[in-house]
Each structure stands twice: as structure tokens, then as C-alpha cells.
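Two complexes follow with chain A in common, the first pairing it with chain B and the second with chain C.
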Partner chain A sequence: MSEVNASMGRIVATPTAGSCGILPGVLVSAQERYGFTDETATMALFAAGAIGYVIANNSFVSGAEGGCQAEIGSAIAMAAGAMVELRGGTPAQAAHAVGLALKNTLGLICDPVGGLVEIPCIVRNGFGAVTALAAADMALAGVRSVIPSDEVIQVMLEVGSAMPEAHRETAKGGLAQTPTGKKILQQIKGRAD
Partner chain B sequence: MRFRTMADMVTVCAQEGIGIGELMLQDQCAESGKPRETEFAKMAAYYTVMKEAVRRGTTEDTTSRSGFSGGDARRVLARLETGDTCLGADSAGGWRMRSA
Partner chain C sequence: MVGPSSSHTAGAARLGRAARMLHERQPQVAVITLYGSFAETYRGHGTDVALVGGLLGYDTDDPRIPIAMTEAERAGMQVTFRESAEHMPHPNTVKLELRSGGSETVVIGASIGGGNIEVGYVDGFDVRFSGVYPTLVLTHEDRTGFLAVVTTLLAALQINIGYMIVDRKGRKGEAMTVIETDSPLAAEGLASLAALPGVQRVRTVDLTAEDDASSASPQSAAEGHAATAGDTADGTGTADIQGGRP
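And now, the complex of A and B:
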């Protein structure tokens, strides 16, 4: 899904284009596995939307504002909560899944090589899908997020607000400024000239 | 919207005896003023786009314009199909997009 995004294909931002691979990766593979209908998957999208709505209203969902934790982290939380509901968990369990998932991405910086939504965004989407499934399973197993999800969302806001500009989608730091990251940027620039 | 926080969401769901998805659908309709069928159809269309993108990503050439990405989903899928992944053989169970 994220590769389709990078190759200019049609995608749905969930919550952003940079994090568009997680929710579909989780839901489409789960549909293949469990054989539920498109209607069931659509209801799961509404559930994910509700979670994204809460996060967006209380924190942020873009890398430029809050780092990758806000994009990939939010997407994982949305997918984890939706998956819990899909698998018969309660709304309270879904909320725990959101807390568990978000805690695991706190502090994640946004550092796209060459400013493109490719490296490391694509693999972070892949990892994100796996993390969402693990968080859903933990919550369904009865594991609780001791720090309530609403409080974790506030921590994401706190950490994102304190994050240096270099680590908020500007490509001025992180992986984007590694020797290899800079080399890739030069190659892209050279081709454009 | 009848909720602004996760705690509100859980409370309203419990009061109404509904799930999170149903809550969102109801509140979305209340906010947009559009019928349930319209809002549902819109979301269902998004899911169709998602499924198509997953199919493309796992079956077609996804080399990006920069040339620095593409093809990884197919690589991972090929390994899943060997049934010998570190995540467990069953992790391949959900992936039949290639033949679909």
C-alpha cells in the first residue's frame, strides 16, 4: 500500500498518506484470513475513524507537527482498536489496544530521506501493521494499558511539541542526514537537474 | 460528536450498547446530516480503494519515481508463501492476494 503511494498510485490517507499502509494492511489481510464481508471491514473503518478523530482532536496526526509517532503511531492505534472490535473485543479493550500501541511509538521521529515518503516510511508502515496486530491480540487477551489511552495521547502531544524541527518531516535530521541519506538526496537532485 | 476522548467513547458505547464503529457512523450522520446509507457507501468505497491498492502493491511493479523504493511487499509476500517466516508459518494464512 505504501509502495503504491510512493509510485503515485491511488490510496486512502489513514490518517495520512505517509501512514496509509497500516490500516489497509491489517484489514485486508484479516479479511483474507477470517473471511468477513466488506460491510464488516467498512464498520471497522468507522471504528478506526473514531479513534483517529480522538487522537487528532487531542494531539496531532501529522509528521510535520508531531513526528512519525503522530502518523505511524496514530495509524497503528487506529488499526489496533479497529481490529479488537472486529474480533469481538469490547470498546474498553479497543481503548486499551490504542494505549498499548501508542506507547510503543512514543518519540518516533519523522526523518524522510530526500523528503520523500519512501525511506523509512514504507518499512515503518510494514512494521506498524505487525505492531497493530500484536497490540490487538494483547488487548483481546486482557492485557491493559495501565496508563489510559487518553493520557498516552497527551504524552504524544507533549513529546511531539518538544521534538526538534529537524525531526519533524523537514529532512534536516535523522536518517535523512546520514551519509547514505545525503547521497540519495544528491542522486535525486542530479536526476532532476 | 458525542465523544472527544477515548474515555467518552467507551462510556457512550456502554450506555448505548453499541460498538465504536456504530457510534462513529451514527455521529458522522448526525454531523453531516446525510443518511446512514450515504455515509456507509462513502466509507465502503474507501475500503474498495484500499483493497485495490493492496492488490497492486503485492502483484504489480511499484518502483517509485525516485527509484529508491518498490517491490518490497512482493519480496515479503514471496517469503510468506514459503511458510517459513520468523513470524510463524500461519502468518501467511491471510495472504492470497496474488491468486485473487
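And now, the complex of A and C:
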């Protein structure tokens, strides 16, 4: 998914393009494991969309505004909630999954190497899918998010707003500015010129 | 949508498309200034090709976005990119200066996440709209009762207003009113608006208008713009897609 995205293929932003691998990763693997039909999985997309809507309207979903937590974090929360819904959990459990998932990514910066959507974005999509599955499992097992998901969403807004610009999709900090990150950027520039 | 970034690619394509609609034709010259995160990552995120794709009328899922630069060249559109360190309220901000013949349009907008945009400036006026509703952009004289006349006309046409913003350059000077409506205005409605006293120009922006057509057949995306209003000047809405004028 993420490779198609990075090579300018056509994808569905969930909630963004940089985080488009998590929801399909979770849903497709759930179909393989539990045998959900496409129709059932489609219903879970509505649950995911509703969660994304709440996050976007109360916080943010773009890396430039709130760092990676806003993109990958939101996608994990959406997938976690959708997975609970899919496996027959209650709406309250789905909300707890959102809180559990989102708390785990608070503070994650957006630091794309070379200004591309490849390193670390693609791998973060993979880890994100695993986190979403774990959060859903926890919520289904009865683990609650002590800080309610609505409050966690507010924290994400607070943390993202306080994040330095270098760590909000400018490639001016983080992994993008490591010696290797800079070397990759030079290689890309060399190829373009 | 076409990747790799909803804010930097899809949002950029929408900003380009909104600017094209405001310019009412395909621009011959486009000077594009990028700010903030846009300026830092526009090459890697495909922001440049997406903006140009938007100027060519492509929607966010158009497979031609990656080759937009070549297509623009073929269409005779001259594009220049500039990066600015100037601070803008939103990190993903772009200024599009479009020229064709004697006509010039300046649009500043931001990509606010998830592919959503906010146009904040049109031709010297501070405005605010997203383009996801049928949007009327009226340039007019600042005169008493103007809004009453416009809203009465819209009411008579059964058009509901969702949002409205007015800016003016000074008392009794030039003004701009932007109205987001729930349903689009038919050609007769647009003509009635244009005929109102004090109205200088009526333009429309609707980024959702051609979604059905373009997703069913991406190749037809560029044609959709005949629907954008203001083609009243020469009455040939589709002339703009010929491009390549000397």
C-alpha cells in the first residue's frame, strides 16, 4: 500500500496518504484470519471513518500540523476501533481501543528522509498495523483507556501544537537530518539534477 | 487519490484546481510560491506535480498527476516555482499567480490536512472557503443593500446559503463576497447574479462538481471545467483546454 503511495499510485487516504497502509493492512489480515466478507469489512470502514472524523474535527490529521502522531497515530486509532467493531466488540470498547492506541503514539514526530514519504513512513505503517491489532485485542479483553479517548485526542492537539517546526513534515529535523538521512537527500538531489 | 501525501499531493491538486476555476481558464503562465512545509518537501511529496495537475484541471485521483509537468509543457503552460521563508499562518501554504493574455488571478491557499484545503486570499481580498460546496465568488461595488439583493435572488432560486464572507478594499470601493451554497446555481441563475447592479464578476468554485465524471473516466477530467461559470465573457467554456496558445 505504502509503496504504491510513495510511487504516486492511486490510494485512499485513511486518514492521510502517508498513513494509508494501516487500515487496509489491519482489515485485510483480519479477513484472512477470521474470514470476514468484504461487506462486513466495509462496515468496519464506516467505523474507522467516524473515528477519523472525530479526530480531524477536534485535533489534526496532518504531519505538517501535528507531527506523525497526527497521521500514523490517527490511522492506528481508526484501525483499532474498526477492528473492535469487526470482532463484535461494543462501541465503548471501540472507543477504549482508540484511546489506548492514540496514547501509544503521542509525541511521534514527522521527519521524512529527503522529504519523501518513504523513510520512516512505510515502516511506521507496518508497526502501526501491529499496534492497532494489539490495541483492539486489549480493548476486547476488557482493558480500558483510563484517560478517555476524547481527552487523549485533546492531548494530541496540545502536543502537536507545541512541536517544533523541524519535526512537522519539513525534513529539517529528526531522521531526515541524521548523517545517513542527509546523504540520502544528496543522492536524490544528484539524481534529479 | 494519487499519493504520496494527502496534504502535500491531494490538497495541492485541489488548490491548483480551485485556482484554475478562479482564473476561469487554463493559465498560460503560473508562478507558484511555496511556504513552510510545502517549501521544504514539495519535490519529495509530489506537491509540484499535484499543483500543476490541478492547474490542468486534474482531480486528486487523476493518474496523470505524476506526468503533469510534461502535460503542462505540452499544453503551453509556463510554470515557475519559488520557495519562500516568509511565515504563513498555516505550514502548507501556496501562492498561485496565474496569467493568460491580459487576465491575472492571485490565489493564496493552504492544505489543512487529509486533502482538505482552505482558500484564504483571492485577487487582493481576504476570504475563506474550502471548495467542497458550490461556491460563488462575486466581485462587486461596496454598496448598501448589496447582500440583501443577492440573498433575495438566491432565496427565489431556492438556493440555501451555508456560509458567507465579505471583504472590501475600502468604503464604496471594490468588494468581494464569497457564498457557499448547498446546491449549485444553474447558468440562468449565474446570469441573473451577473446582471445585478454593482456586480463586476461572478466566478464559481466547486471541487466536488466533476468527481463522478473524473473517477469514472479520468481522461475526461480536464473537460469538466466548462461548468465553471464566468465563461460568459466569450461564451466558450471549453476553449481553455486547447491551451498552447502562442
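A few points about this structure:
Rule of thumb we're sticking to: the second predicted complex is superposed on the first by the 193 of 193 C-alpha atoms of A that agree within 3 Å, B and C clash if a C-alpha of one lies under 4 Å from a C-alpha of the other, contacts with A are read in each partner's own complex, and residues count from 1 in each chain.
The criterion applied here is as follows: a residue touches a chain if its C-beta (ideal position, glycine included) is under 8 Å from a C-beta of that chain, and two chains touch if they have at least 3 such contacts.
What you see is a predicted model, and the numbers here were worked out from it, not measured in a lab.
Clash-free side-by-side placement of chain B and chain C is the outcome of superposition onto chain A. Look at A:Ala6: by the touch rule set out above, it reaches both chain B and chain C. Legend: residue contacts after superposition of the two complexes on their common chain; A:Ala92 is shown touching chain B, with no touch to chain C. Seen from the Cα centre of chain A, chain B and chain C lie 90° apart once the structures are superposed, a value rounded to the nearest 10. In the superposed model, A:Lys103 lies in contact with neither chain B nor chain C. Once the two complexes are laid over each other on the shared chain, residue contacts for A:Arg124 go to neither chain B nor chain C. Once the two complexes are overlaid on the shared chain, A:Ile188 sits against chain B and chain C alike.
Shared-chain residue A:Gly114: touches chain B and chain C both. Residue by residue along chain A, chain B and chain C are tallied for touches, and B comes out ahead.
When both complexes are overlaid on chain A, the residue A:Arg33 reaches chain B alone and has no touch with chain C. Of the two partner chains placed around the shared chain by superposition, chain C is the only one that A:Ala56 touches, whereas chain B remains out of contact.
Once you line the two complexes up on chain A, you'll see the smallest CA to CA distance from chain B to chain C is 9 Å. Where the contact sets of chain A with chain B and with chain C meet, they give residues 4-12, 20, 114, 116, 188. Chain C meets chain A in the complex at residues 1-10, 36-37, 40-46, 49, 61, 63, 65-66, 90-92, 111-115. Chain contact summary for the complex, chain A toward chain C: residues 4-13, 15-18, 20, 52, 56, 60-65, 70, 112, 114-117, 165, 168-172, 188, 192.
Here chain A touches chain B in the complex through residues 1-12, 14, 20-21, 23-25, 27-33, 38-39, 41-47, 49-51, 53-54, 57-58, 81-82, 85, 91-92, 94-95, 98-99, 113-114, 116, 118-119, 122-123, 126, 130, 148-150, 153, 184, 188, going by the rule given at the top. Within the complex, the chain B residues that touch chain A are 1, 3-7, 9-10, 13-14, 19-25, 27-28, 40, 43-44, 46-54, 56-57, 61-66, 68-73, 76, 87, 93-97, 100.
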